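One structure coming up, written as structure tokens, with questions to follow.
Order of writing sets the labels: A, B, C, D and E. Residues in every chain begin at 1.
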Amino acid sequence: MYLARIIGTVVATQKDASLKGVKLMVIQPIDSNGQDAGQPVVAADTIGAGYGEIVFCAKSKEGAMPLRDPNAPVDAGIIGIVDSIYNKA
Amino acid sequence: MYLARIIGTVVATQKDASLKGVKLMVIQPIDSNGQDAGQPVVAADTIGAGYGEIVFCAKSKEGAMPLRDPNAPVDAGIIGIVDSIYNKA
Amino acid sequence: MYLARIIGTVVATQKDASLKGVKLMVIQPIDSNGQDAGQPVVAADTIGAGYGEIVFCAKSKEGAMPLRDPNAPVDAGIIGIVDSIYNKA
Amino acid sequence: MYLARIIGTVVATQKDASLKGVKLMVIQPIDSNGQDAGQPVVAADTIGAGYGEIVFCAKSKEGAMPLRDPNAPVDAGIIGIVDSIYNKA
Amino acid sequence: MYLARIIGTVVATQKDASLKGVKLMVIQPIDSNGQDAGQPVVAADTIGAGYGEIVFCAKSKEGAMPLRDPNAPVDAGIIGIVDSIYNKA
């Protein structure tokens, strides 16, 4: 899984039927120091994450597993909200 | 899923039989500000997206799920057309 | 799927049994303007693509689907030969 | 699989139910000389790896296989602890 | 699949039970001219490849297919040894 910060929301009227009612967020992957790392991703959210929160996300089929329809064509999902990270380095 | 802009169409006579009748688009992945990000991708389209539109796409097996034959050897699919993105950042 | 140009052929006597008789090509991924993009890949070919042709390829399990044994340990497959690409950009 | 060094721990109260009791570590992928390579990853640990240890990890669905619930939405897992690497180069 | 050169061996006492007896090699991905390309990878070997040999490897679940336990949490496997590559370019 990778760490990311919630930076936006996607509105899409015309989409695959299985995505009806699925909340889609724009997330910015970050490193363990909170710096941006790579391109933003559109991820499904079933956890109820809000703007600015740090989350961890699963890729590909694993990202769709928490959805009501786990066979939805979703390849990125928000899996948990990070309370804290202990970096001993 | 990732954001992309439709930039072209692929014509291929000789192809895997399961791809007969599947519309194939060349899409340019973009970041949440609309800037190009990485290499163009060939994606299947079942949504009816048109040239220049901003879409979001699923990778790997998830990309083939909306096809009539979900076992077609397709690894990228256009899943929805973006109406708007709210970036609070 | 991604665009690529056929640049070579792999000869391998000692290999997984399921790959017997599978034609293996070295392909160079390209962007939609025909420029090289990233590292060459070894891909299975069931379409009959020849040296120098532009093809589109599927990744991971999708790449093995056109093979006689779809459970062969193949993660890249040539899926179609490109006749032309219309880039309106 | 890839090599990585354990650099931290993730604490997350709000997460997918299948992740209850799963130990989540922040790992830094490294090359075979121990140099950092790419972005840190959040990985599930069932091996009992500790801070600073060198481990090897599996990606995507393979990463979740050692979990009690192999269908948990996990895409990276610590699979083994490295005793030593012989580099003849 | 990608081309790689065998550069080392991994010794790991503490690992997932399904990996008992599986030979783990450190491989350096290369391009079709034999130049290093990207980071080394830990791959399972069932072919009997030796130090310095050029091999081709499969990623993710495809990499585990040749193993006795194809459900082992392995995401990279050596699939064949390269005798020669014909690059016409």
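Throughout what follows, a residue touches a chain if its C-beta (ideal position, glycine included) is under 8 Å from a C-beta of that chain, and two chains touch if they have at least 3 such contacts.
Just so you know, these numbers come straight off a predicted model, no measurement behind them.
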Each chain counted as touching chain C and chain E at once: none
Rounded Å distance, chain B centre to chain E centre (Cα mean): 31
Distance from the mean Cα position of chain C to that of chain B, given in whole angstrom: 19
Touching two or more other chains - residue numbers and ranges from chain A: 60-61
Chain contact graph, described as a line, ring, star, complete graph or other shape: ring
Ring path (origin chain A; first step to chain B): A, B, C, E, D
Partner chain B, residues of chain C touching it in the complex: 1-3, 29, 31-32, 37-38, 46-48, 56, 58-63, 65-66, 77, 79-89
Residues of chain D that touch chain A when the two form their complex: 7-16, 18-19, 24, 26, 28, 39-43, 51-52, 60-61, 64, 71-76
